[in-house]
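In what follows, structures are represented as structure tokens.
Both of the next two complexes hold subunit A, though its partner changes from subunit B to subunit C.
Coming up: the complex of A and B.
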């Protein structure tokens, strides 16, 4: 038996050597179907090998596995490559879940491409760390964009997004009518008392074990994206945006404590299921009638509309006193500081900023186009289209997560504090601890450059006002 | 009625209990794999709805192999499997050879500083890979490589960057040392008297009787390499060299919301992908399981 095992191992080793010998990159096989689906990449991006040809611009993108979105991107690249002969864009896609690690590792190894895409709230950190270069794009081109699709740091634009996402409260009209609950509007959203009363009424009906699906099955970025707007609506924040050098007062002041107590009540009163919510319930609980309300993004709209039809209501976020707010800042495109072709990379990003491309992205992904004109031309967000309301919510309520390099660390701390409070931790202690941790991180990083030379937008004069003014 | 059981009855009862317990454990351990395989045949919405009942383990409802076709459309699965097989088998093959030779020198040869070297090797076991990932990245991104394109610098985006740092493994060396020490030293002395050199003793005396430890090291190292995620995420930027675990990310995203029935994770495709990438692991274990079990069963027994 022993010699048999040894034979197997020897065979494996020889097979391994043979694989290596045959494993020249050019001959690596792919599954036939894959080869067919990968073909457009080559067609769109392969540059002819000529010494005097166009300069290659490398681009990284986070949407590997999302074929429809990638096809739109490849179409844009093809259009751009054919529109001029100075540059040739080549794209490499990454799975979103490991994209940030890949970019940070490449930055450390000095191996970043010319163009990267970046999640909105992450951008200030990458700009501060020197991974990204500011974009020299004329202001009049940016003026037509939803303000939250423009990534700014230190008074400069670093990234531009072609789409935005928005959250809303999903509900059934029949349920609200049955229990005499007012249907809120963008002009008159639910206030705190009304929202609490609605949940109490629905809970008392006995029809639901839990009234509201908050998405507790989701972890990570969902917490600051989905839940920090409630904190901001109470008047608190993750970080004090007047200085960006402390969380003191913002995350543990009276408004934040009021938010924390409200948040904990959601769980103690049984309105919301705990942090152990089954992810299956998150995906289908609302449409199956397990929950009366659901807090979710525009990406859930297609399934809900299909299942509920005219009974579906997509309601605005409630106003807890400091304005109704929803999270903002989706994926955006920028130029790496490593790039030797910053003008060309910037030119490509400008090329992407055309309504027709935003419409194409929106039509295949269900995301909100970044300009009013593109929204009007899209199939989902045009006037009278099924999800037009999301564009309006985004324009009126969108609030950026704190645009500071400290956000990446603060987001994790915020998530832990909210999970702890949901699980019964003392509200004041949890928020104080979180504020201390965020402050310690900011201090350890020498205020992340907020020494007076850096200008950040303030929540008090934030982009909502500008959007409303338009 | 006589309640005292005869020896035969006691033995039968014990056997029944033993097999009952073993069957129960087998069912518990098989549950995740059965769930994965059954779910790979169902649409995502059905998976979610069945997940709170025993229906999750029953291939009923809207059953098809569509998820497999869709999974192959979503990601270049053949390429990912090829890459992982390449990296795993080469690392395993070279690792077995080099680690066992190192262990042979540490266990069976007599030289100055032997114990210190062994202690240092074992001490490295307490270092989690995450602590050395960044320094290792900085090193490999600047190392020279002589390939078909001549001398180049930087190993990023290659097979060697996924293989070479993981050939030498302290735990494998430790396993081999323990096993080689348990072998009768008289075998080596006899071979020496017959005039055999150290390499010949290693290759023709020690290796042929060390099947179980080779199988154990192969399985453990093979699993480790097959499951590599963090390191390839850091050093592989090209689809061409991406392994299966990074490829999992292709399925970990919400599908588009504007198409009917979407707006959720593609659970069915994800399960199909997991089923496909689990097959090589099961094959490896089945090929080596007898020797693996034997190795576990004899661990610590001195020869």
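Coming up: the complex of A and C.
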């Protein structure tokens, strides 16, 4: 009996030893890193003259696996590192699918790099959580950018994007001509009746499996990015932007219900394939002629133009009453709050904000450059270039997804509501449930600070900013 | 450790050395067990206790707000169920108001569940489901209707999968437990799906179940000479879960087939010979020799399939994301969705705790029902 007790004690002792031994290697690598980053900072700030080498700035990027994009980024970093000898930027890239999780995990562990990139609608959440530091960049430098490429939270700039994305309705000129459907313009987009009539005409032709490819196969962020502008065009919204503390009235008011009924009609009338659309059809269905129209982003333009040539039409979003709208806010760059080198990290972001780099990014990714001058110099968006029209759409119609920390959770609620309505749920119940869920989340987070201590831009302010930019 | 000490061949003559071994042996045992113990501790036991702790707080994944103790609020929201009786809307003459299709209309549940001071007991509840019985509408309200549907779906899946998959596994095991040529080929074929990742299988089956040109529809149309109307299997609330059940059983049945096979091969041939001499037919041999011989195997398979079935997640996450209309959402899927994706760690923890109690209860009930009755 005695020996048994002794055995257990011995076991526990070894176990404790092993635990400490295991704990050590886990913290050990962290120590040299902090030492490495901290020491030179001190050297740089306290005695810059004695500094022996440049301070390292770590950077995380979401685009792992995309070589051409990475080459552009590495080129910028090389230019920056050679342009001065205070800082040395080093980038580590992550696959997009696990990027946000990596940042959240690193933030919880206190290991964020100096510079991060962040998806536009996610930024307010990270800024609110204290992961990001406001950027001290001169206003005149920001003024030339498309307003939706500047990420703001609580009246401060937190992120800057070098590119923007835009959605449009892809169509064939030959098809619209054949069925006598008017080709809409930015000045006069389709209205609700015209758009519905066009879909009915195309459906009646019997030539297509489905009239319109909405991209139901793409789950996640595509739903709020691609479809919430329709809701806004009807006059509703995911969250009431006058207070940012409720979805009541915005997501379940009469305008939102009108949108929900229209949305459900797309599926009950057989215009749009359901939520089980397979991703292969999404990629090539329009090009193969299965679908007459396709709602998609500028990134799909290259392939469509290659296959359809002059027959391809890139049409503006319809106007359902409250102005034609498309989603906005792509990946942007920002500085992490626990960076020891905020001025240096900010300086690097400022360095990136050059037209030539935006042109390089745009030329390899097909995304829209963030300034008019860069667009003019780019391969795809210069005046007369094949996709110039996307720049115009973005400048005229781009509407941010609600810039609030509540968006992270609200986006998932919105996605579920739209999927449920598409699958036949009662429209009013689905929207009421979604509004309740968003409100419960906002309440559980103490209004995400919108009790007066922070200010959010209203949708009107967005419009004023946009008008100024034009 | 006691077992190690017993098998130690060293006797009294080496007592001093034996004493030393007595201290070293447990040391070595703990040393060898430590990698597993540490991993289990870090990734199972500590998170398990953390989940219990968080379930009583308002902990968020991402938040600058401090964590607060909220008592049973999370469980209250999770588990509240109430019945609300709605009477038809009547006009001035006392006649029920009919809608365009001639059905009796009822007031909306939301009039009772949102900011109605006369019905504080229903405040904040959601409509789960409703029945029209005897001129009234009986509505079941729940604090979290999606969680209630998840519970039902999880049990539905387990109730079909446990007997279905175990039975199919036994059938396959009986088929391949024969000494005929080519039996190894079939053993391999039946086992192959097990080594394929469930995520890969789920993606492939999305194409197989496709409503327009999926393999299942094409085959059925071909076999019925065009009389079968293609069904979009994953798009309808009534077919989505059965479609996932069939796929899950197909993917996992191989492992249970092998366990059944192992059980079958422990039954001595001599028992079958004796039964033959007594004049037993094939069915009698199965009932009186094979099945009693498989008792322990059956208990093991019952418990393992139940655990796996209640933990249904990957297929849902890949194929349906809980849809259509919550017909495939499960408890684990909800825990991940709420706790991680929607950043509400406390609520996700509460779901996990509820799930733990659920699995524990099921396991205890199974243990009781399958106990050795003659001991």
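Basically, the second predicted complex is superposed on the first by the 412 of 470 C-alpha atoms of A that agree within 3 Å, B and C clash if a C-alpha of one lies under 4 Å from a C-alpha of the other, contacts with A are read in each partner's own complex, and residues count from 1 in each chain.
Methods note: contacts are C-beta pairs under 8 Å (C-beta built on N, C-alpha and C of every residue); 3 or more make two chains touch, one makes a residue touch a chain.
As the structure is a prediction and not an experimental result, all values here were calculated from the model.
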Partner chain in contact with A:278 - subunit B first, subunit C second, else both or neither: both
First, second, both or neither for A:109, with subunit B first and subunit C second: first
Subunit B versus subunit C as contact partner of A:183, first or second or both or neither: neither
Contacts of A:380 with subunit B and subunit C, given as first, second, both or neither: first
Larger contact residue set on subunit A - subunit B or subunit C: B
Touched partner set for A:129, first subunit B, second subunit C, both or neither: second
Subunit B versus subunit C as contact partner of A:409, first or second or both or neither: second
Doubly contacted residues of subunit A, that is, touched by subunit B and again by subunit C: 3, 6, 14-15, 19, 278
Of subunit B, residues touching subunit A in the complex: 45, 47-49, 51-52, 69, 72-79, 82-83, 85-86, 89-90, 92-94, 96-97, 134, 137-138, 141, 148, 154, 156, 159, 207-212, 214-215, 218, 229-230, 233-235, 237-241, 246-254, 256-265, 287-288, 290-291
Residues on subunit A engaged by subunit C in the complex (per definition of touch): 3, 6-7, 10-11, 14-15, 18-19, 22, 104, 107, 125-126, 128-131, 209, 219, 273-276, 278, 408-409, 412-413, 416, 419-420, 423-425, 428-429, 432-433, 436, 440-441, 444-446
Subunit B-facing residues of subunit A, complex: 1-6, 8-9, 12-17, 19-20, 23-25, 28-35, 37-38, 60, 63-69, 92-98, 101-102, 105-106, 108-111, 278, 280, 283-284, 288, 298-304, 306, 363-366, 379-380
Subunit C residues touching subunit A - in the complex, by the definition given at the top: 1, 22-23, 26-27, 29-31, 34, 37-38, 58, 60-65, 108, 110, 114, 124, 126-127, 145, 206-207, 209-212, 232, 234-235, 237, 321-326, 337, 341-344
